[in-house]
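Just dropping this structure here.
Here the chain labels run A, B and C in written order, and each chain numbers its own residues starting at 1.
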Amino acid sequence: MNILTSHSPEARSSSTCLELENVTIRYGRQEAVRNVNMRIPSGKVTAFIGPSGCGKSTVLRSINRLNDLIPGCTLAGRVIFQGHDLYSSQIDPVQVRRRIGMVFQKPNPFPKSIYENIAYGARINGFRGDMDALVEGSLRQAAVWEECKDKLAENGLSLSGGQQQRLCIARAISIAPEVILMDEPCSALDPISTGKIEDLVRSMRGQFTVVIVTHNLQQAYRISDLAGFFNVIPSSDGFSKVGVMEEFGDTSQIFNAPRQDTTRDYVAGRFG
Amino acid sequence: MQSPSNVHSKDDLSVHASRADFDSAPLEYNLLLKHNREGIIYTLLAGLFASSAILPLLLVLGYVIIKGGSLMNLALFTQLPSPPGLSGGGIANAILGTFVVTGIASLIAIPIGVGGGIYIAEYSSSGPFSVFVHYGSNVLAGVPSILCGVFVYLIVVSTRLLFGESFSAVAGGLALAVIMLPTIIKTTDEALKLVENDLRLAAMAVGASKVVTVLRVTLPAAFTPIATGALLGIARAAGETAPLIFTALFAFYWPEGLLRPIATMSVLVFNYSIMPYEAQNQLALAASFLLVMLILLANLLVHQLGRLARG
Amino acid sequence: MAESASPFTQRRRTWKDRALDHGFHWLSVVLASLVGVVLIAILVVVFGGSLEAMVAYGFNFLIRSSWDPINNQYGAFTAIYGTLVSSILALLIAVPLGVGSAVFITEAFLPFGIRKIIGGMVELLAAIPSVVLGLWAIFVMEPTLRPLLSDIHETLGWIPLFSTAPMGPGMAPAVLILVVMLLPIITCISRDTLDQVPVELRFAAYGVGSSRWQSIIKIILPAAISGIAGGVLLALGRAMGETMAVTMIIGNSTNFSFSLLAPGNTIASMLANQFGEADGLQVSALLYAALVLMVLTLLVNLLAEWVVRRLRLHYS
């Protein structure tokens, strides 16, 4: 297996936030992704791209240990966050998720009021400040304040899909995590909502480390600083398929001067 | 613990929260945190609750299987119950009776229930009649089983409707059928709704009429879930007692026909366990063992059927 | 549908074909309507039979506790009180236990395989005939519990609820056997409801840093509340109508007592005991009580449907 983890000078210059070392994830006995290695810098937007079934969402969920919720899912290798191996037995996954937030593919607000959607997370994280200000600030930053400032008591599910997703982003950033994971956050949304969320992601750069999975190549090109290309290849047993990361580097390099043929074919739209 | 997010968020005015406003804890698991301590207590409590839900099962099953199982002998299956006060005897007539009464109930409830289920799943639109059938089925399922016995007693037994006979195996079967009916309807309806609509459309596309589609295509496709549901319904009915005590009544002798009172295992358990005689109590225990075995067997069979259907 | 008028029909269907189609349709309509017919017939028969007692006693029947077949004086208060108290007390014990068990089974405290086994065992408990539970209650549970109940009477006897010495069958053992009966029902329904809580919502709860129990208590249980509440109400209906296990262990006394340690009565157990041998006004009085039971269970079941509908989680 040929794994390339190239790093541009720019990527190396900023401090490393997350590091994946030889990460292999299995569902039961079935390998989902094999031997992923990468170094995600702080304050940047990193995109995972690749055809469906290549395990990019699985890798993303492994970063905040959300795969723990899936029965039978196991991880080998190391995920290092600020010098801690997140999969060591001393680590509390709850604390991990408080520092590494997540936004999901399908908008999933709590079936509670809009206000409570933000306040719940803050409260369980021991927030000591002004709750109203936090709710307003988070909703403002997620560009959804204007649409829901008059109906904070209404159920979060009463919003439109795009608004729900921005509410979910507000919920994620409200607890001031260091990293925000986004799993195809626009795949269920119309183009206008998608544009708003892309603007939002760009504005988060510097303040948060963002890792975003997307199947939309233009989107990855527009918003990300770095990109990892995942591919799905036949497994060694010949019957099943397994995901691998083929290439990782600056977005401009991945799109304009890919080192791997498969990457070139993929970004040129020849498959996937 | 350092909080590195502050490094780049200090000068950004749109941010209202920084990590400093939140409880900061290291990534390592910390037993002293409130939610972790509470979690352990809750988990212990839930585990205790779960054991309390399982414990009675183990106690009842253990008691019936060990005590009742040790009573198994040939006489039980060949002899009639001994009169109160005398020892020995068997429960042969009650075993036979349970099969007869449950059989009658199945013969009545399964065709009606499957037909009703077909109507709900295949024909009914959202009209008032289908709502009526749907609600009726749910409400009937909630009617206490003793009331089904009272109903059949008043309609069939006290009026001597069946050829001038009063208590009878048929009356008992009717009462059990009323109890089985909602289960069979619900099972059939749910099973048919699981059949892929493409299958129906494919049958229609080659020119099959509705009746042919339902009988030849949809119903066979839903056979396994309907069969399992019916089997569980039958097993359940076999253990029902309340509807039988004043319809099938009880008998100390062999069945004399479908229009005469008949002994069943469930009524035998009731009658004989409240008697002050050891020998009769033992027969009740033996009948309980057989009833529980019957139900275990039905559940195992259903499990196997389900496994077969899944391939 | 005007299939035969369609220009695409190549051959007209024969009248036989269409007759068969119509015949089958109407057959299924008739079979389906039988459910409603039976339901209405039960109501009519029970109501008709109770008319005589209704005329004789009116609503006083519900609040008088004398049940005297010799002088033909009937009041069902003891049985109605017993029905409500036994089922509500049983529910108060069974709901926390059942919901707690369901949480333990669904929320990944145990390896998947063990969870499935426990779930299967609970389902099996739901299938044990109530007459067998009654037998176990008579032979094992009540004799085992009697010393404990005696202790309770001796220490807490000044409370009316424990004012009589336990003599064997009584309200307290009946409540406990009802708990055993209701536990698997509540556990199974709660488990099914919790299983249906979408995984996205679990992700959302854990994703903002909730611990497992914070997620369960604040997010997952509230999302499943409609199904659980519906299940609890269905269980209440079952408890009120439960006959055999209760009849065998409650003592079937028509004398009213506040004490849980004294023998008592429920409508269902009174029917089981007396209906076969009753005649005259007693039959009518029993049917009046049966009507009360029917109305109670009907109300509870309709409430269950309403609750499930009303509180359902609208999750896209």
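FYI, a residue touches a chain if its C-beta (ideal position, glycine included) is under 8 Å from a C-beta of that chain, and two chains touch if they have at least 3 such contacts.
This structure is a prediction, so every number in the text was calculated from the model and none was measured.
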With chains as vertices and touches as edges, which is it: line, ring, star, complete or other? complete
Of all chain pairs, which one counts the most C-beta contacts? B-C
Based on the averaged CA atom positions, which chain is farthest from chain C? A
Can you compute the centre-to-centre distance for chain B and chain C, using the mean CA position of each chain? Integer Å is fine. 13
Distance between the centres, which are taken as Cα means, of chain C and chain A, whole angstrom: 48
Touching at least two other chains at once: which residues of chain B meet that condition? 35-36
In chain C, the residues touching two or more other chains are 211-212, 214
Within chain A, the set of residues that touch 2 or more other chains is 94-95, 98, 124-125, 175
Please output the residues of chain C touching chain A within their complex, sorted ascending. 108, 112, 198-212, 214, 218-219, 222-223, 313-316
So, in the complex, the side of chain A touching chain C is made of residues 64, 66, 69, 71-72, 94-95, 97-98, 101-102, 104, 106-112, 120-121, 124-125, 157, 161, 168, 171-172, 175
Chain B residues within the chain C interface of the complex: 35-36, 38-39, 42-43, 45-50, 52-54, 56-57, 59-61, 63-64, 111-112, 115-116, 118-120, 122-124, 129, 132-133, 135-140, 142-148, 150-151, 153-155, 178, 181-182, 185, 209-211, 214-215, 232, 235-236, 238-242, 245-246, 249, 266, 269-270, 273-274, 281, 284-285, 288, 291-292, 295-296, 299
Write out the stretch or stretches of chain C touching chain B in their complex. 13, 17-18, 20-21, 23-25, 27-36, 38-39, 41-42, 45-46, 49, 96-98, 100-101, 103-105, 109, 118, 121-125, 127-136, 138-140, 180, 183-184, 187, 211-214, 216-217, 234, 237, 240-244, 247-248, 268, 271-272, 275-276, 287, 290, 293-294, 297-298, 300-302, 305
Complex interface listing, chain B residues touching chain A: 4-5, 8-9, 12, 14-19, 21-23, 25-30, 35-36
